[in-house]
Each structure stands twice: as structure tokens, then as C-alpha cells.
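After this come two complexes, each holding subunit A, first together with subunit B and then together with subunit C.
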Partner chain A sequence: MRTLLIILTLVLPPAVAAEDAGIVLIGGGDWELPIVREDTGAPGRVEDFLLDVRQVSNADFLDFVRAKPEWRRDRAPGIFRDARYLSHWPQADALGVGNAAPNRPVTHVSWYAARAYCREMGGRLPTMTEWEYASEKQRDTLSVAPEDYAHELFSWYANPGAGALRPVAEGPAPGLGIHDLHGLVLEWVEDFQLVLGRGDDIDLLTGSCGDTARFLPEFDEAHYATFLRFQSRSNYQPDTTTSTLGFRCAYDPE
Partner chain B sequence: MNLFKSPTIVTAALAFGLAAGGLNADDRLVHDGEFIVDGKIFGLPEARVYTEDYSGPPVVGGYLTAVPNLAELDYEGNRTHEVRMDVIAQQIEVAPGKFYNAWTFGGSVPGPTLHVREGDRVVFTMKNRSDEPVVITEPVAGGSPFFAQVQANPIQNNQPAVSPMPHSMDFHSGTVAANDKWQTIPPGATIQFNWVANYPGVYMYHCGTPSVLMHTAQGQYGAVVVSPKEGFPTEADREYVLVQSEFYLTEDEYSGGYRYDHAAAMARDPSQVTFNGHVNALHDAPLRANAGERVRLYVLNAGPSGTSSFHVIGAIFDRVWYEGNVENEWRGMQTVLLGASNGAVMDFIVPEQGSYKIVDHEFADAERGAAGTLVAGPRQ
Partner chain C sequence: MKLFTLTVMAGTLLAAVTQAATPNSGHAGHDAHAHHTPMQAETVDHGHSLFHLGADWRTQAGGPFRLEELAGRPTIITMIYGSCTTACPVLVNDARRIDRAVPEAIRDELQVVIVSFDPARDTPERLADYAADYEVDPERWQFLHGDPADIRTLAAMLGVRYRDNGDGTFDHSNVVTLLDAQGRIVERNEGLARPVEPIVEALVKLRGTRQAAGMAAW
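Right after this comes the complex of A and B.
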């Protein structure tokens, strides 16, 4: 179903197709991640990519699970998801109310499951760079002050409203035409783990005290809030699922 | 090659000692690879990270208490403690009307105080339950004394919250490779590791996950008291634990209540500085003693960034053991300076019936809440 929409999108000008098809073209450019990563010293270049306008919903994911029953919570192999995978659904193939309602973002999904979903849709998970690039462009378009961005993020981390998530994509899509990049649930990205150099050793960022300053080009609130997203994402395992972690897919332009 | 640096050979030598009649046989070594230097145990086994289907009490262990209580060590010599402190999010109040969603060990800020004896071993288990609401204010079967004490004095009005985040545990009382034992685990995972109380003291524990300033300012810290093997040279009539810490809160324009203020934390400009996690903790429930009694305070300054010039108005500390080690004895101290994560054991003799204010003599901190009261009754 979504595969068909993608094909349609690609033969139409993106600006026309975006809101209908649910996919938006993000024009690439030269860009540096807001976090200093030691594994990529070269200047950053982001190529054009397509991104889902909205996060994947429970209804979307139920369609996927029905088409690919090996991803039902009672069949998916344990190495691909933790014990809480889709645990908010009343049944393995049925939705419910509240956070399990069809229009709520799907949560309690592992990185493996998110990747399988996007592959099924003819896409992939966005890379960390792509996702962060879209996030920053969205904030630029909306003229969000760095302090406001930081304050909202700090508020969300301590109180993400996990008990009563809002539906995905409420109201008109802001900025670049993308819903819910911030403030609803976090999103998986393809390369979610930061690499940390430690002499000859390397470490996925499981670091301890003192592993912050070396990642931050500025010590202002906005960079710190962004780092918090990188850090928390980096400490997930690919089988991790939480009540505030979902995803959307990206696609390569033809 | 120094043969005695090889754990295998040390273990073999100890085993031989045991066979030869128990001379210096050390059954304190539990796992392959453990070794002893200067009577202290090192080389502990790797931490185990796993998932478990556990939804029981978030604090388990008989020697875990809520501040200002300290568990009595009702055993001789050394033992192994099975200790659990799960990470849970909790809405707590730190001043009248000032509440926020804290990240905690066990549900209070500071977290439970663990009391062990020098030489004891701790098998520590922690599940990251930041993604589930956990109630600590109702009777908990199988939990530690901590719960009854929180429920008897619920000054933080602890309410369950959900705030999924990766977290870790760093015990300053342990001597280990931090990248192993203190490693960060995601929501839903459990970590288990050993540490041995090699040194006596009043130690901090805290979450060490970057950004550590936010994780600690959010509430993830507490105290471990390691009593010296031979005890202290004086006999205390009363013992209390005090943990000083700063909070950096501002009104939350998005969710109501209060939230972490990173700019204030970086500027070391706290909104509250407290003893035991609430500006009124030691006013609503003052410490108690009687004239002529020797009061022993186990004081930890948890920071995260400030110092404490700890002082009791009207008293002089008869003895101070800095960091809680009997080797570090001071006498007749008016004020004890504690940097972030320093601790001390302080004895004073209550001069007469009356009210004794306990303050951080850095008055900008005292006036933000770092003050309490000890109420003394007549001489018994």
C-alpha cells in the first residue's frame, strides 16, 4: 500500500505529492552535525532524501504485522526485540484504546522491527545525519529560538507524557511539512550509536562522566539538549523497546 | 615476571594455605580472578547485563534505609549483601509546591542509604524501570525498611512517573573498572555486579551516564555508609544520615510543575539546596537527641556542583573522621568543608536542652534551604 504511494510520489513533483502521499523531499546540502563525532572528521554533505511526513502509527504497524506475521509479538524471535515489544497492544494482532489506538504512534518497537517495516515499505530508516538535518531545517523554517527548543526538549525528557500519547500528525504539517519531529515520541535512526574514541580503543557511547564536553562545540542549552538525544539514543540496544520510542521511514530518490 | 601478580597463582597459593591448615586462608575470594592487595579485594568478575521479568519492590535489602535513618549492623564480621536498587522516575516535591519528575534510585531523592561494614561484599542488582510507573508509597511486600520509613515521613509526596532513559550506577564505595561495572543500560535492562567495601567511609553513589550533570541534578544519587571494621573510638547515642544536594528547577512552561534548568545548573545557581531532599525535611521532622548525648552525623555532600561548609549552630564537632575513615581524625571542628561527593562522620556532644540549627555555613546555600534542626530534650 505505502509502496504504491511511493511510486506515485516519485513520478510527481514532490511539492504536489507531499501531503497526500505522506512523504516529503528534503533537499540536501552541506551540513555539520550539531554534535562533534570523532568517527567523521570530514565536512558533512547531506544528499537529497525522502522522509515520511508522519510517524508510523499503530494502524500502520498492525497492517505490517498482518502482512508479515513473523513480526507478531508472539512470533518475533527474542533476539530481535525485548520482552515489551508491542506489549501495549491488547492482543498480538489487535489494537485498543489510548496508546494502543490506531492513530497513536507505534511504540515498543525494536530497531530490528522498525528496519523490517521500512524495508517492507520500500524504504529504510533515516540515518542519524538525515534525521538531525531534517530536525534542524524544520526548526530553521519555523524560526524556533534555540532556548525554546532546548526548554521544550528538557521538559519532554523528564515528562514525555508517555501515559497518554497524542495521535500522530494532528493539524496541518508545520515547517517543511513534517509532523512530530519533536514532542511526541523519539525515533529510531539507522546508525543510532555514537562511536567514542578512547585511545586505540573504541566504544559505542556507553561513556561515563566527562564524556560530554568532547562532543559539544558549544556549551549552550540547545547543544546540551541535542546531545541528550544523541546520548540516550546511543545507549539503546537494537532490541530495546520503550513507550516513547517509535520511528518513521526514509527513502532514496530515484 | 612477578608471579604474585598472577591471580591464578595467588589463588593457588591461598588454596594451598587452606589445605595446609587454614593459615591465612581467605574465603573472601569468591570468583576466579579475584585477588588481594593489602587486605583489599580486587579483580571482581565482569558485570552481567540481562533482561528479567521483575516487577517486585524497587529496593530490596535489609540494610537499606530512608534518610536520615541508618540500618543497624546486627551481625559480626563480614557478610555478603544482596542489594537491589532499581531506577524509577518519580514526581517529587523539594519545597512547598515545587515538584518535578525526578530520575531516582528507589523513588526518593536522595535514594536509599546502604549500610555495610568494611570488608563486606555487595552483589548489586539494578533494573532500569524508568519506563514503568512504580508506586513506593503503599506497603511493599518483600521490600527493604526503606519503604516503611518513606511512608512514615512522605515529605516528597512521591508519585509514580514515566521517563524512559538509559541510566547507570556508580558506587564511590566500590573499586572497579567503571566502563564495566558502571556501564549504562537501556530501559528494560538489568545489570548485576559485585563490589567489595575495601575502605570505610561515607560514600556517594550516582548515575554516571552522560550528561552526568543532568542525571545527578535530576536526583540520581544517595549515600553508602561503610562502617570501619573495628568501629569508631567513641560510642554514639544517636546516628543520623544527612545528604546535602542542590536542585536546579524552573517552571515548566510545557508540562506544568517544574523542570530541570540546564542554564542554572551550568551557572551553579541552584533554586534549592537541601538536606535530605526537601527544604523542610529537617524542620518538619527534626532530628532528636537529649542533652549530654553524643550525636553522630554521617554527612554526604552530593553536589552535584556545590560545596558544603557544614556546621551545627551551638555545637563543636568533638571528632570528625573525614570521608568517614577513622585514620582521618580531626578534633574540635567548628565547620567541615565538603566538596562535591565528599563525606564525613562527625560527632558532637549536645550541650543542653534546646534547638540546634544545622546549616551549610555558605549562607547563600542555607538561605536556599540547606538548613535543619536538631531538637534536644533534657538530660536523661
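Right after this comes the complex of A and C.
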């Protein structure tokens, strides 16, 4: 954990260092995913966990690639990443401008690469339940109206802004102190391939309209906005890299 | 700390594999020669090998095991959990049906790996009981116990989805996969009690192609 904090301090531009670098403890509780797979009759339990307050930046990931050159884009085995892995960087071990600038969220990273990074930091990717739980707690803390949440997400989905990403953790951290849960880039989670039925027969992409309806406990805009996030996750393969998908890490409390 | 050590080990392995693959990287530049004799495909592109996983497993006998140990011979691999009474026995039986259906000369060299995604319950001891129930050749059949993160990685590499339901059951995909001697996926059987022919034929073809090219058996 100490290594993580030191690295964050070193790589961040001075303007955003210190106050924003770090991780936040998310207190657990009884909770169910907003997308219901099937009625289990008992609430799920989320244990306490720690979460990076900001997304991993290009600078962070460059440090990782330098420490673990087997994750350079010209060395990482094909089974761990598609052909566009880190393709936005001008060189395999150098950053650039725009979306390749040090303070922009790292994108074009596969699930395998994101997990390797978090493991190196002594952590892991958050589970889907943890990520969604943090998102909902942040909304609750800020008292975001469901329709405002939905409209914000719809406008982001309609224009994900990959042409020119903002820096990570720009501006004050809202609510729980977590930056950019929504509105910058989507994030990998450990179990992104949500299994919705026995075997692969039913999932978010192959399910019929009736299945889709079954997954939504309520038919309001907020649930539909959340559902779209689940659906986009279902569309990824573990070696997928895109311009709108990054990550942050989670950690188990000591 | 344990996780960190594993990462370092994985890194060392990956570096070694990457280095081994390097000598062929300049080959593309020879395409301009019209009468160029193609090199044998034996050492080309190991980038898609499962042997890159670099994880430490334990077998039903309790000993350490790494997937790289499967190199040199083909492997049938599937993922199950031991307390499963529905799909998993069928999956193990599907692997056994394939094992029995291949020609004897190939069967002697075929390896079978059954990986549990329930490491809390499926200890090596319990996997040993499980293996005994199936009366399979313990020399060629390995039932593997591993670290949860490595199990998740392997499942992703094999295209197997699973979810812990928290009540001792898992939802999971049913896939039996054939790996070649370099650890690359050659054929996948999705579903339960599927015909064995696609994998058996892929094995026979793999062997035949290599023999015709005058290469080593696998």
C-alpha cells in the first residue's frame, strides 16, 4: 500500500498531487446489485474495501510498464491483449499529448493488463458489486436525483468524449471523495462477464427482450441507465482494449 | 506479499517466453523473395499460449504444478467444481469420452486437466477422491487446485464464465477445450454431452499434419 501512495505522489503533476492521491475506505453493508439476476430472497453482503480515488493515468501505467517490461505493447503476449493495446502512446515506453498525456486516464488496456497492474500495486480490480456499490453510495451521499443521474449518463453515453479526454481527478472529489466514477472513461471490474443464467444460454446480449425486462427490478430511467453500463461490460472480451475503457484498483483492508 | 511473489514469478516466465519467440520476429522481411521456402511453423507465434499464465497450482496428489509442464503434448482442459452434481460430472465424463475415443497412440500422449473454480472446498485431498471416483489414469489426468485470481484468469483465457452463488453452487459455462503442445486453443466443445468427434478429429489432424511435415509428433 505504501508503494502505491509513493508512486501516485511521484507521477502526478504537482497541481493535483497530495490532496487527491490515495485511496478511500468504502464501508460495507447489505446490498443487491441494481440489475437483478434472479430473486435470491436474501440481500447480498458487501464487505469493507478500499478503492483508488481516481482512475489509473497514463503516467501510472507507464511506470508499471517500465517496471514490468513484459507488459509493453511490443512484448505483451497476444493472448493478453488485442492489437490496439496502448496503441495511443507514441512509443511503447513514452507518453505524448492529448489522450496520451501523463495525466489522462490510461485507455486501450485489456482486463489482463489492468489486473496485472493492480496486482503489482498489492491490490486487485474491484468486483462489479463493489464498483456499483461505491457508485450508488456516492450518489446517495450527494443526494443525486435518479433522473439527473440517468440524464447525465445518457448524455455521456451519447458522446463519450473519447476524442479528447479530460485529465483524471480534475476538480474537487464529490461525495465519498471518489473522482470520475461516471463521465470520464468506463472501468474494468474483476467479474465483468456477468453470468445471468445456468451456463451461457442467457446473458445480457443474447437474452430476449423479456429477459432484459426481467433483469430490471424497476422500469425507471435510472435503472435503464445502469442497465446500459452492464450491457456494455457484457460486450467486452478479456483482451479487449478501447479508447473509452480504463480502470482503477481496489484493495482488501489489512 | 504472496501475490507480489507470484507476479514476479509470472514476469520471469513471460520474459523467458518472449525471448524464446524473438528469433522469428524478423522473418516477415523475407516475403519479397518469390521462391523463398517457408520455414516450418513450429516456433512461430506463441503469443496465444495459455502457458503465459504463469500461475502455481497443486494437483490431486498435492504436488506443485504449472501449466508449462503440459508443453510438448496436447491437452484436454475443462473447469468444474467438485460439489456440483449437475453439469460438472457430465463435463468430466465428456473429457473421459474424448480420452477413450482417440486412437491409442494419441491417447498415450494426451493429457487431461480438470481445474476447480471452488478452491475453498476443492482441496487437493478432495480432488483426489474425485479423481478416484472417475477411475482415470493419474499419470495423464491432473485435477488442479489454485489461487482464486489465477482461476479467474485461466477461465477468461478459456472463455469460461462462472459466478459464485454464495450457497455452495456456481453458475458456469460448460466448455471442453483442446490445447496443442504449445498451449494454444485448437478446438472448443461448448455445451454438455456434445459429440466427441470435433476434438478427436482435431487431435488426429494435428498429429497427421505434423507427421506429414516431418516434424516432431506434437
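Here are a few things to note about the model shown:
Keep in mind that, in the parts below, the second predicted complex is superposed on the first by the 215 of 254 C-alpha atoms of A that agree within 3 Å, B and C clash if a C-alpha of one lies under 4 Å from a C-alpha of the other, contacts with A are read in each partner's own complex, and residues count from 1 in each chain.
We take it that a residue touches a chain if its C-beta (ideal position, glycine included) is under 8 Å from a C-beta of that chain, and two chains touch if they have at least 3 such contacts.
The shown structure was predicted, so the numbers you read here are calculated from the model rather than taken from an experiment.
Room for both subunit B and subunit C is found when the two structures are superposed via subunit A, with no clash between them.
In the superposition on chain A, A:R75 makes contact with subunit C only, while subunit B stays out of contact range. Working from the superposition on chain A, the subunit A vertex angle toward subunit B and subunit C, CA centres, sits at 80° in steps of 10.
Of the two partner chains, subunit C is the only one touched by A:D191; subunit B is not. By the touch criterion defined above, A:Q91 reaches neither subunit B nor subunit C.
In the superposed model, B is the one of subunit B and subunit C that contacts more residues of subunit A.
Contact with subunit B, but none with subunit C, is seen for A:F219 once the two complexes are overlaid on the shared chain.
Contacts of A:R115 after superposition on the shared chain: subunit C is touched, whereas subunit B is not. Overlay on chain A (Cα): least separation between subunit B and subunit C is 12 Å.
According to the touch criterion, the shared surface of subunit A, contacted by subunit B in one complex and subunit C in the other, consists of residues 203. Considering their complex, residues 40, 44, 68-70, 75, 77-80, 111-112, 115-116, 119-120, 122, 124, 190-191, 193-195, 197-200, 203, 238 of subunit A touch subunit C.
Touching subunit A in their complex are the following residues of subunit B: 51, 53, 89, 100-101, 103, 131, 133, 161-166, 168, 170, 178-179, 182-189, 208-214, 218, 252-255, 257, 259-263, 266. Those residues of subunit C whose C-beta lies close enough to touch subunit A in the complex are 3-4, 6-7, 11, 14-15, 17-18, 45-50, 52, 87, 149, 152-153, 156-157, 161-163, 165-166, 171-174, 190-191.
Within the complex formed with subunit B, the residues of subunit A that make contact are 82-84, 150-152, 154-163, 203, 205-212, 219, 221, 224-225, 227-228, 231-232, 235-237, 240-245.
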